[in-house]
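I am attaching a structure below and will ask some questions about it afterwards.
A, B and C are the chain letters, set down in written order, and residue numbers restart from 1 in every chain.
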(Lines give C-alpha, C1' and ligand atoms only; values in the text may rest on other atoms or scores of the structure.)
Protein backbone atom coordinates (compact mmCIF):
# COMPACT_ATOMS: atom_id res chain seq x y z
CA UNK A 1 0.00 0.00 0.00
CA UNK A 2 1.14 3.50 -0.76
CA UNK A 3 0.71 6.06 1.99
CA UNK A 4 -2.22 8.42 1.49
CA UNK A 5 -1.62 11.32 3.85
CA UNK A 6 -4.26 13.56 2.27
CA UNK A 7 -6.85 10.76 2.33
CA UNK A 8 -6.09 10.05 5.99
CA UNK A 9 -6.38 13.72 6.90
CA UNK A 10 -9.63 13.94 4.94
CA UNK A 11 -11.15 11.08 6.95
CA UNK A 12 -10.12 12.63 10.26
CA UNK A 13 -11.38 16.02 9.18
CA UNK A 14 -14.74 14.54 8.23
CA UNK A 15 -15.06 13.02 11.73
CA UNK A 16 -14.37 16.41 13.28
CA UNK A 17 -16.89 18.11 10.99
CA UNK A 18 -19.45 15.43 11.85
CA UNK A 19 -19.04 16.04 15.58
CA UNK A 20 -19.40 19.81 15.15
CA UNK A 21 -22.43 19.33 12.89
CA UNK A 22 -24.11 17.27 15.63
CA UNK A 23 -23.26 19.96 18.20
CA UNK A 24 -24.94 22.46 15.87
CA UNK A 25 -28.03 20.29 15.46
CA UNK A 26 -28.39 19.92 19.22
CA UNK A 27 -27.76 23.64 19.80
CA UNK A 28 -30.52 24.38 17.28
CA UNK A 29 -33.24 22.52 19.16
CA UNK A 30 -33.80 25.06 21.95
CA UNK A 31 -34.10 28.13 19.72
CA UNK A 32 -36.49 26.21 17.44
CA UNK A 33 -38.89 25.17 20.22
CA UNK A 34 -38.61 28.37 22.27
CA UNK A 35 -39.64 30.44 19.25
CA UNK A 36 -42.40 27.93 18.44
CA UNK A 37 -41.06 27.33 14.94
CA UNK A 38 -42.55 23.96 14.00
CA UNK A 39 -40.75 23.78 10.66
CA UNK A 40 -37.35 24.37 12.24
CA UNK A 41 -37.98 21.62 14.81
CA UNK A 42 -39.17 19.21 12.11
CA UNK A 43 -36.10 20.09 10.02
CA UNK A 44 -33.82 18.58 12.67
CA UNK A 45 -35.50 15.16 12.42
CA UNK A 46 -35.36 12.48 9.77
CA UNK A 47 -38.70 12.30 7.97
CA UNK A 48 -39.44 9.02 9.76
CA UNK A 49 -37.68 9.97 13.01
CA UNK A 50 -39.25 9.87 16.46
CA UNK A 51 -39.19 11.71 19.77
CA UNK A 52 -40.08 9.90 22.97
CA UNK A 53 -40.57 11.82 26.22
CA UNK A 54 -42.20 10.54 29.37
CA UNK A 55 -44.89 8.13 28.06
CA UNK A 56 -45.39 9.86 24.68
CA UNK A 57 -43.80 8.96 21.35
CA UNK A 58 -44.20 11.25 18.36
CA UNK A 59 -43.31 9.64 15.03
CA UNK A 60 -42.46 11.55 11.86
CA UNK A 61 -40.65 14.87 11.65
CA UNK A 62 -43.85 16.84 11.10
CA UNK A 63 -45.50 15.39 14.18
CA UNK A 64 -42.42 16.19 16.26
CA UNK A 65 -42.48 19.74 14.96
CA UNK A 66 -46.18 20.12 15.72
CA UNK A 67 -45.40 19.65 19.41
CA UNK A 68 -44.71 23.37 19.62
CA UNK A 69 -48.23 24.22 18.46
CA UNK A 70 -49.86 22.62 21.51
CA UNK A 71 -51.72 24.89 23.94
CA UNK A 72 -49.37 23.80 26.72
CA UNK A 73 -46.22 24.65 24.77
CA UNK A 74 -47.68 27.96 23.55
CA UNK A 75 -48.48 28.95 27.13
CA UNK A 76 -44.87 28.20 28.15
CA UNK A 77 -43.62 30.47 25.36
CA UNK A 78 -46.05 33.24 26.29
CA UNK A 79 -44.92 33.11 29.92
CA UNK A 80 -41.21 32.72 29.08
CA UNK A 81 -39.33 29.44 28.68
CA UNK A 82 -35.91 28.11 27.76
CA UNK A 83 -35.13 24.55 26.67
CA UNK A 84 -31.37 24.34 27.25
CA UNK A 85 -29.36 21.32 26.15
CA UNK A 86 -25.95 20.48 27.56
CA UNK A 87 -22.72 19.66 25.73
CA UNK A 88 -23.31 16.13 24.34
CA UNK A 89 -21.09 13.08 24.54
CA UNK A 90 -21.03 11.98 20.89
CA UNK A 91 -20.06 8.59 19.52
CA UNK A 92 -19.60 8.47 15.75
CA UNK A 93 -20.10 5.23 13.85
CA UNK A 94 -19.70 5.93 10.15
CA UNK A 95 -22.92 7.42 8.84
CA UNK A 96 -24.67 7.07 12.20
CA UNK A 97 -23.99 8.49 15.63
CA UNK A 98 -25.33 8.56 19.16
CA UNK A 99 -25.30 11.52 21.51
CA UNK A 100 -26.05 11.62 25.23
CA UNK A 101 -26.74 14.81 27.14
CA UNK A 102 -28.99 16.64 29.58
CA UNK A 103 -31.82 19.05 28.96
CA UNK A 104 -33.46 21.51 31.29
CA UNK A 105 -36.65 23.44 30.89
CA UNK A 106 -36.56 26.78 32.72
CA UNK A 107 -39.91 28.53 33.00
CA UNK A 108 -40.73 32.05 34.09
CA UNK A 109 -43.49 32.40 36.66
CA UNK A 110 -43.96 36.16 36.40
CA UNK A 111 -41.19 36.94 38.88
CA UNK A 112 -38.35 34.45 38.54
CA UNK A 113 -37.42 31.24 36.71
CA UNK A 114 -37.90 27.75 38.03
CA UNK A 115 -36.44 24.48 36.79
CA UNK A 116 -39.51 22.72 35.43
CA UNK A 117 -37.73 19.68 33.93
CA UNK A 118 -34.29 18.10 34.21
CA UNK A 119 -33.96 15.18 31.80
CA UNK A 120 -31.57 12.64 30.37
CA UNK A 121 -31.43 12.45 26.57
CA UNK A 122 -30.24 9.75 24.18
CA UNK A 123 -30.10 10.71 20.50
CA UNK A 124 -29.66 8.38 17.52
CA UNK A 125 -28.62 10.30 14.41
CA UNK A 126 -27.85 9.57 10.79
CA UNK A 127 -25.99 11.42 8.10
CA UNK A 128 -28.49 12.91 5.68
CA UNK A 129 -28.12 14.69 2.36
CA UNK A 130 -27.69 18.03 4.09
CA UNK A 131 -25.97 17.43 7.39
CA UNK A 132 -27.30 15.14 10.11
CA UNK A 133 -30.82 14.23 11.17
CA UNK A 134 -32.40 12.72 14.30
CA UNK A 135 -33.61 9.14 13.89
CA UNK A 136 -34.78 8.98 17.50
CA UNK A 137 -34.52 11.04 20.65
CA UNK A 138 -35.47 9.64 24.03
CA UNK A 139 -35.98 12.05 26.94
CA UNK A 140 -36.71 10.96 30.48
CA UNK A 141 -37.01 12.95 33.73
CA UNK A 142 -34.18 12.59 36.24
CA UNK A 143 -36.57 12.13 39.14
CA UNK A 144 -35.08 8.92 40.47
CA UNK A 145 -36.73 6.61 37.95
CA UNK A 146 -34.47 4.01 36.34
CA UNK A 147 -35.62 4.94 32.81
CA UNK A 148 -33.62 8.16 32.79
CA UNK A 149 -30.44 6.51 34.04
CA UNK A 150 -30.75 3.91 31.29
CA UNK A 151 -30.44 6.70 28.69
CA UNK A 152 -27.20 7.96 30.25
CA UNK A 153 -25.37 4.63 30.42
CA UNK A 154 -21.65 5.09 29.72
CA UNK B 1 -8.89 23.39 -13.04
CA UNK B 2 -6.41 21.17 -11.30
CA UNK B 3 -7.53 19.49 -8.12
CA UNK B 4 -6.21 21.06 -4.94
CA UNK B 5 -6.82 18.53 -2.17
CA UNK B 6 -4.55 20.25 0.36
CA UNK B 7 -6.16 23.63 -0.34
CA UNK B 8 -9.62 22.13 0.08
CA UNK B 9 -8.66 20.46 3.34
CA UNK B 10 -7.09 23.70 4.54
CA UNK B 11 -10.33 25.61 3.96
CA UNK B 12 -12.41 23.00 5.78
CA UNK B 13 -9.91 22.90 8.63
CA UNK B 14 -10.06 26.66 8.99
CA UNK B 15 -13.86 26.51 9.31
CA UNK B 16 -13.53 23.92 12.07
CA UNK B 17 -10.91 26.02 13.85
CA UNK B 18 -13.14 29.08 13.54
CA UNK B 19 -16.05 27.28 15.15
CA UNK B 20 -13.90 26.06 18.05
CA UNK B 21 -12.39 29.53 18.48
CA UNK B 22 -15.90 30.97 18.85
CA UNK B 23 -16.76 28.25 21.38
CA UNK B 24 -13.66 29.31 23.31
CA UNK B 25 -14.58 32.99 23.19
CA UNK B 26 -18.08 32.26 24.49
CA UNK B 27 -16.74 29.90 27.18
CA UNK B 28 -14.38 32.67 28.30
CA UNK B 29 -17.12 35.19 29.07
CA UNK B 30 -18.38 33.65 32.31
CA UNK B 31 -14.97 33.25 33.97
CA UNK B 32 -14.08 36.82 32.97
CA UNK B 33 -17.19 38.42 34.50
CA UNK B 34 -17.42 36.12 37.53
CA UNK B 35 -13.87 37.01 38.52
CA UNK B 36 -14.56 40.69 37.83
CA UNK B 37 -11.70 40.95 35.34
CA UNK B 38 -12.62 43.99 33.25
CA UNK B 39 -9.65 43.60 30.91
CA UNK B 40 -10.51 40.00 30.10
CA UNK B 41 -14.12 40.93 29.33
CA UNK B 42 -13.00 43.84 27.15
CA UNK B 43 -10.52 41.54 25.38
CA UNK B 44 -13.39 39.47 23.98
CA UNK B 45 -14.94 42.46 22.22
CA UNK B 46 -13.91 44.37 19.13
CA UNK B 47 -12.67 47.83 20.13
CA UNK B 48 -15.87 49.35 18.72
CA UNK B 49 -18.11 46.42 19.68
CA UNK B 50 -21.29 46.70 21.73
CA UNK B 51 -23.29 44.78 24.32
CA UNK B 52 -27.03 45.33 24.61
CA UNK B 53 -28.97 43.86 27.52
CA UNK B 54 -32.48 44.81 28.60
CA UNK B 55 -32.68 48.54 27.75
CA UNK B 56 -28.94 49.25 28.08
CA UNK B 57 -26.33 49.38 25.32
CA UNK B 58 -22.66 49.64 26.15
CA UNK B 59 -20.45 50.66 23.23
CA UNK B 60 -16.71 50.09 23.05
CA UNK B 61 -14.79 47.17 24.50
CA UNK B 62 -13.60 49.14 27.51
CA UNK B 63 -17.12 50.20 28.43
CA UNK B 64 -18.31 46.61 28.16
CA UNK B 65 -15.46 45.48 30.40
CA UNK B 66 -16.23 48.18 32.96
CA UNK B 67 -19.62 46.57 33.53
CA UNK B 68 -17.97 44.28 36.07
CA UNK B 69 -16.80 47.22 38.19
CA UNK B 70 -20.36 48.34 38.97
CA UNK B 71 -21.54 48.11 42.57
CA UNK B 72 -24.30 45.75 41.52
CA UNK B 73 -21.95 43.35 39.75
CA UNK B 74 -19.41 43.50 42.58
CA UNK B 75 -22.12 42.59 45.09
CA UNK B 76 -23.10 39.57 42.97
CA UNK B 77 -19.48 38.41 42.97
CA UNK B 78 -19.15 38.92 46.72
CA UNK B 79 -22.29 36.88 47.36
CA UNK B 80 -21.47 34.21 44.75
CA UNK B 81 -22.57 34.22 41.11
CA UNK B 82 -22.14 32.24 37.90
CA UNK B 83 -22.85 33.50 34.40
CA UNK B 84 -23.17 30.26 32.42
CA UNK B 85 -23.52 30.26 28.63
CA UNK B 86 -24.88 27.33 26.68
CA UNK B 87 -23.45 25.56 23.63
CA UNK B 88 -23.99 28.06 20.78
CA UNK B 89 -25.46 27.47 17.34
CA UNK B 90 -22.80 29.07 15.13
CA UNK B 91 -23.17 30.20 11.51
CA UNK B 92 -19.89 31.06 9.79
CA UNK B 93 -19.84 33.52 6.92
CA UNK B 94 -16.23 34.04 5.86
CA UNK B 95 -14.61 36.50 8.24
CA UNK B 96 -17.84 37.06 10.16
CA UNK B 97 -20.09 34.77 12.14
CA UNK B 98 -23.25 34.74 14.21
CA UNK B 99 -23.88 32.67 17.30
CA UNK B 100 -27.12 32.07 19.18
CA UNK B 101 -27.31 30.63 22.66
CA UNK B 102 -28.73 30.94 26.17
CA UNK B 103 -27.25 32.44 29.29
CA UNK B 104 -28.22 31.98 32.89
CA UNK B 105 -27.18 33.93 35.94
CA UNK B 106 -27.16 31.81 39.08
CA UNK B 107 -26.80 33.73 42.32
CA UNK B 108 -26.12 32.51 45.83
CA UNK B 109 -28.39 33.87 48.54
CA UNK B 110 -26.40 32.67 51.54
CA UNK B 111 -27.98 29.23 51.55
CA UNK B 112 -28.67 28.06 48.03
CA UNK B 113 -28.55 29.27 44.41
CA UNK B 114 -31.42 30.81 42.51
CA UNK B 115 -31.81 31.44 38.79
CA UNK B 116 -31.70 35.22 38.61
CA UNK B 117 -31.71 35.56 34.79
CA UNK B 118 -32.45 33.27 31.85
CA UNK B 119 -31.73 35.06 28.56
CA UNK B 120 -31.52 34.63 24.84
CA UNK B 121 -28.29 35.80 23.20
CA UNK B 122 -27.42 36.75 19.64
CA UNK B 123 -23.73 37.36 18.91
CA UNK B 124 -22.22 38.96 15.83
CA UNK B 125 -18.51 38.23 15.56
CA UNK B 126 -15.64 39.06 13.25
CA UNK B 127 -12.26 37.51 12.64
CA UNK B 128 -9.62 39.71 14.24
CA UNK B 129 -5.84 39.65 14.17
CA UNK B 130 -5.71 37.27 17.10
CA UNK B 131 -8.74 35.05 16.93
CA UNK B 132 -12.31 36.34 16.92
CA UNK B 133 -13.94 39.36 18.53
CA UNK B 134 -17.50 40.37 19.39
CA UNK B 135 -18.97 43.10 17.18
CA UNK B 136 -22.28 43.01 19.03
CA UNK B 137 -24.04 40.89 21.61
CA UNK B 138 -27.74 41.23 22.32
CA UNK B 139 -29.14 39.68 25.50
CA UNK B 140 -32.82 39.65 26.38
CA UNK B 141 -34.71 38.01 29.24
CA UNK B 142 -36.87 35.00 28.38
CA UNK B 143 -39.81 36.30 30.40
CA UNK B 144 -42.39 36.04 27.64
CA UNK B 145 -41.43 39.26 25.83
CA UNK B 146 -41.11 39.02 22.07
CA UNK B 147 -37.68 40.69 22.08
CA UNK B 148 -35.96 37.58 23.43
CA UNK B 149 -37.61 35.26 20.94
CA UNK B 150 -36.49 37.53 18.11
CA UNK B 151 -32.85 36.86 19.11
CA UNK B 152 -33.37 33.09 18.88
CA UNK B 153 -34.97 32.97 15.43
CA UNK B 154 -33.87 29.86 13.51
CA UNK C 1 13.16 24.52 4.52
CA UNK C 2 10.72 22.91 2.14
CA UNK C 3 7.08 23.62 2.72
CA UNK C 4 5.18 20.77 4.41
CA UNK C 5 1.52 21.56 3.86
CA UNK C 6 0.31 18.10 4.87
CA UNK C 7 2.42 18.14 8.03
CA UNK C 8 1.10 21.58 8.94
CA UNK C 9 -2.47 20.49 8.36
CA UNK C 10 -1.86 17.35 10.40
CA UNK C 11 -0.66 19.40 13.38
CA UNK C 12 -3.67 21.72 13.22
CA UNK C 13 -6.02 18.78 12.83
CA UNK C 14 -4.53 17.12 15.89
CA UNK C 15 -5.17 20.27 17.96
CA UNK C 16 -8.79 20.27 16.84
CA UNK C 17 -9.15 16.58 17.66
CA UNK C 18 -7.58 17.19 21.07
CA UNK C 19 -10.06 19.92 21.89
CA UNK C 20 -13.02 17.76 20.85
CA UNK C 21 -11.61 14.81 22.84
CA UNK C 22 -11.51 16.99 25.96
CA UNK C 23 -15.08 18.13 25.31
CA UNK C 24 -16.04 14.45 25.13
CA UNK C 25 -14.22 13.62 28.37
CA UNK C 26 -15.97 16.46 30.19
CA UNK C 27 -19.35 15.55 28.68
CA UNK C 28 -18.82 11.98 29.92
CA UNK C 29 -18.48 12.92 33.59
CA UNK C 30 -22.16 13.63 34.31
CA UNK C 31 -23.55 10.44 32.77
CA UNK C 32 -20.89 8.42 34.63
CA UNK C 33 -21.69 9.82 38.08
CA UNK C 34 -25.46 10.09 37.60
CA UNK C 35 -25.64 6.40 36.72
CA UNK C 36 -23.32 5.57 39.63
CA UNK C 37 -20.81 3.83 37.34
CA UNK C 38 -17.59 3.91 39.36
CA UNK C 39 -15.51 2.32 36.60
CA UNK C 40 -16.60 4.89 34.04
CA UNK C 41 -15.74 7.76 36.40
CA UNK C 42 -12.35 6.21 37.19
CA UNK C 43 -11.73 5.71 33.47
CA UNK C 44 -11.71 9.48 32.92
CA UNK C 45 -8.85 10.00 35.37
CA UNK C 46 -5.16 9.26 35.12
CA UNK C 47 -4.28 6.37 37.42
CA UNK C 48 -2.55 8.82 39.79
CA UNK C 49 -4.97 11.70 39.16
CA UNK C 50 -6.86 13.60 41.84
CA UNK C 51 -10.18 15.32 42.41
CA UNK C 52 -10.46 18.11 44.96
CA UNK C 53 -13.86 19.49 45.97
CA UNK C 54 -14.59 21.67 48.98
CA UNK C 55 -12.07 20.44 51.60
CA UNK C 56 -11.74 16.88 50.24
CA UNK C 57 -9.08 15.52 47.89
CA UNK C 58 -9.42 12.05 46.42
CA UNK C 59 -6.20 10.67 44.91
CA UNK C 60 -6.05 7.84 42.41
CA UNK C 61 -8.57 7.08 39.69
CA UNK C 62 -10.18 4.24 41.66
CA UNK C 63 -10.73 6.44 44.70
CA UNK C 64 -12.29 9.13 42.53
CA UNK C 65 -14.58 6.53 40.98
CA UNK C 66 -15.58 5.16 44.38
CA UNK C 67 -17.11 8.54 45.20
CA UNK C 68 -20.30 7.38 43.51
CA UNK C 69 -20.65 4.43 45.88
CA UNK C 70 -21.07 6.66 48.95
CA UNK C 71 -24.42 6.60 50.75
CA UNK C 72 -24.84 10.31 50.06
CA UNK C 73 -24.27 9.97 46.32
CA UNK C 74 -26.48 6.88 46.11
CA UNK C 75 -29.30 8.77 47.83
CA UNK C 76 -28.96 11.60 45.30
CA UNK C 77 -29.26 9.09 42.45
CA UNK C 78 -32.27 7.39 44.05
CA UNK C 79 -34.05 10.75 44.44
CA UNK C 80 -32.98 12.04 41.00
CA UNK C 81 -29.88 14.13 40.26
CA UNK C 82 -28.00 15.65 37.34
CA UNK C 83 -24.38 16.79 37.37
CA UNK C 84 -24.24 19.14 34.37
CA UNK C 85 -20.95 20.62 33.17
CA UNK C 86 -20.75 23.68 30.97
CA UNK C 87 -18.84 24.21 27.73
CA UNK C 88 -15.19 24.44 28.84
CA UNK C 89 -12.58 27.02 27.92
CA UNK C 90 -9.68 24.78 26.87
CA UNK C 91 -6.01 25.73 26.58
CA UNK C 92 -3.84 23.15 24.82
CA UNK C 93 -0.15 22.92 25.60
CA UNK C 94 1.28 19.99 23.64
CA UNK C 95 0.51 16.79 25.51
CA UNK C 96 -1.13 18.65 28.39
CA UNK C 97 -4.12 20.93 28.61
CA UNK C 98 -6.18 22.93 31.07
CA UNK C 99 -9.92 23.40 30.98
CA UNK C 100 -12.09 25.81 32.98
CA UNK C 101 -15.84 25.50 33.28
CA UNK C 102 -18.85 25.45 35.59
CA UNK C 103 -20.75 22.55 37.07
CA UNK C 104 -24.20 22.44 38.58
CA UNK C 105 -25.84 19.74 40.62
CA UNK C 106 -29.61 19.67 40.17
CA UNK C 107 -31.49 17.49 42.64
CA UNK C 108 -35.08 16.36 42.64
CA UNK C 109 -36.96 16.83 45.90
CA UNK C 110 -40.01 14.74 45.04
CA UNK C 111 -41.81 17.59 43.29
CA UNK C 112 -39.32 19.80 41.47
CA UNK C 113 -35.59 20.31 40.98
CA UNK C 114 -33.39 22.62 42.98
CA UNK C 115 -29.86 23.84 42.28
CA UNK C 116 -27.87 22.12 45.02
CA UNK C 117 -24.40 23.18 43.89
CA UNK C 118 -22.96 25.75 41.45
CA UNK C 119 -19.19 25.38 41.21
CA UNK C 120 -16.12 26.58 39.39
CA UNK C 121 -13.89 23.86 37.91
CA UNK C 122 -10.26 23.82 36.84
CA UNK C 123 -9.06 20.69 35.03
CA UNK C 124 -5.49 19.69 34.30
CA UNK C 125 -5.34 16.99 31.63
CA UNK C 126 -2.70 14.94 29.85
CA UNK C 127 -2.68 12.98 26.64
CA UNK C 128 -2.81 9.28 27.46
CA UNK C 129 -2.49 6.17 25.33
CA UNK C 130 -6.19 6.20 24.56
CA UNK C 131 -7.34 9.78 24.47
CA UNK C 132 -6.98 12.20 27.34
CA UNK C 133 -7.05 11.72 31.12
CA UNK C 134 -7.58 13.98 34.13
CA UNK C 135 -4.44 14.70 36.18
CA UNK C 136 -6.35 16.94 38.58
CA UNK C 137 -9.73 18.53 38.88
CA UNK C 138 -10.47 21.25 41.39
CA UNK C 139 -14.08 22.12 42.16
CA UNK C 140 -15.15 24.94 44.45
CA UNK C 141 -18.59 26.35 45.29
CA UNK C 142 -19.44 29.77 43.87
CA UNK C 143 -20.81 31.03 47.17
CA UNK C 144 -18.70 34.18 47.37
CA UNK C 145 -15.52 32.51 48.60
CA UNK C 146 -12.31 33.53 46.86
CA UNK C 147 -11.27 29.90 46.26
CA UNK C 148 -13.81 29.43 43.47
CA UNK C 149 -12.88 32.63 41.69
CA UNK C 150 -9.23 31.56 41.76
CA UNK C 151 -10.15 28.51 39.66
CA UNK C 152 -11.81 30.68 37.00
CA UNK C 153 -8.96 33.16 36.51
CA UNK C 154 -8.70 34.22 32.85
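One rule holds for everything that comes next: a residue touches a chain if its C-beta (ideal position, glycine included) is under 8 Å from a C-beta of that chain, and two chains touch if they have at least 3 such contacts.
Computed from a prediction, not measured in an experiment: that's the story for all the values here.
Student: Through what angle, to the nearest 5 degrees, does chain B rotate to match chain C on its C-alpha atoms?
Tutor: That pair's rotation angle lands at 120 degrees.
Student: Would the interface of chain A with chain B count as same or different, where same needs over half of all numbers used to appear in both copies?
Tutor: Both copies touch with mostly different residues.
Student: Counting only Cα atoms for the centres, state how far chain A is from chain B in Å.
Tutor: So the centre of chain A lies 22 Å away from the centre of chain B.
Student: Can you list the chain C residues in contact with two or more other chains?
Tutor: Expected reply: 6, 9, 13, 16, 20, 86-87, 114-115.
Student: Which of the residues in chain C come into contact with chain A in the complex?
Tutor: 6, 9-10, 13, 16-17, 20, 23-24, 26-28, 30-32, 34-37, 40, 77-82, 84-87, 106, 108, 112-115
Student: Report the residues of chain B in contact with chain A in the complex, numbered from low to high.
Tutor: Going by the criterion above, the answer is residues 5-6, 9, 12-13, 16, 19-20, 86-90, 100-102, 104, 114-118, 120, 141-145, 148-149, 152-154.
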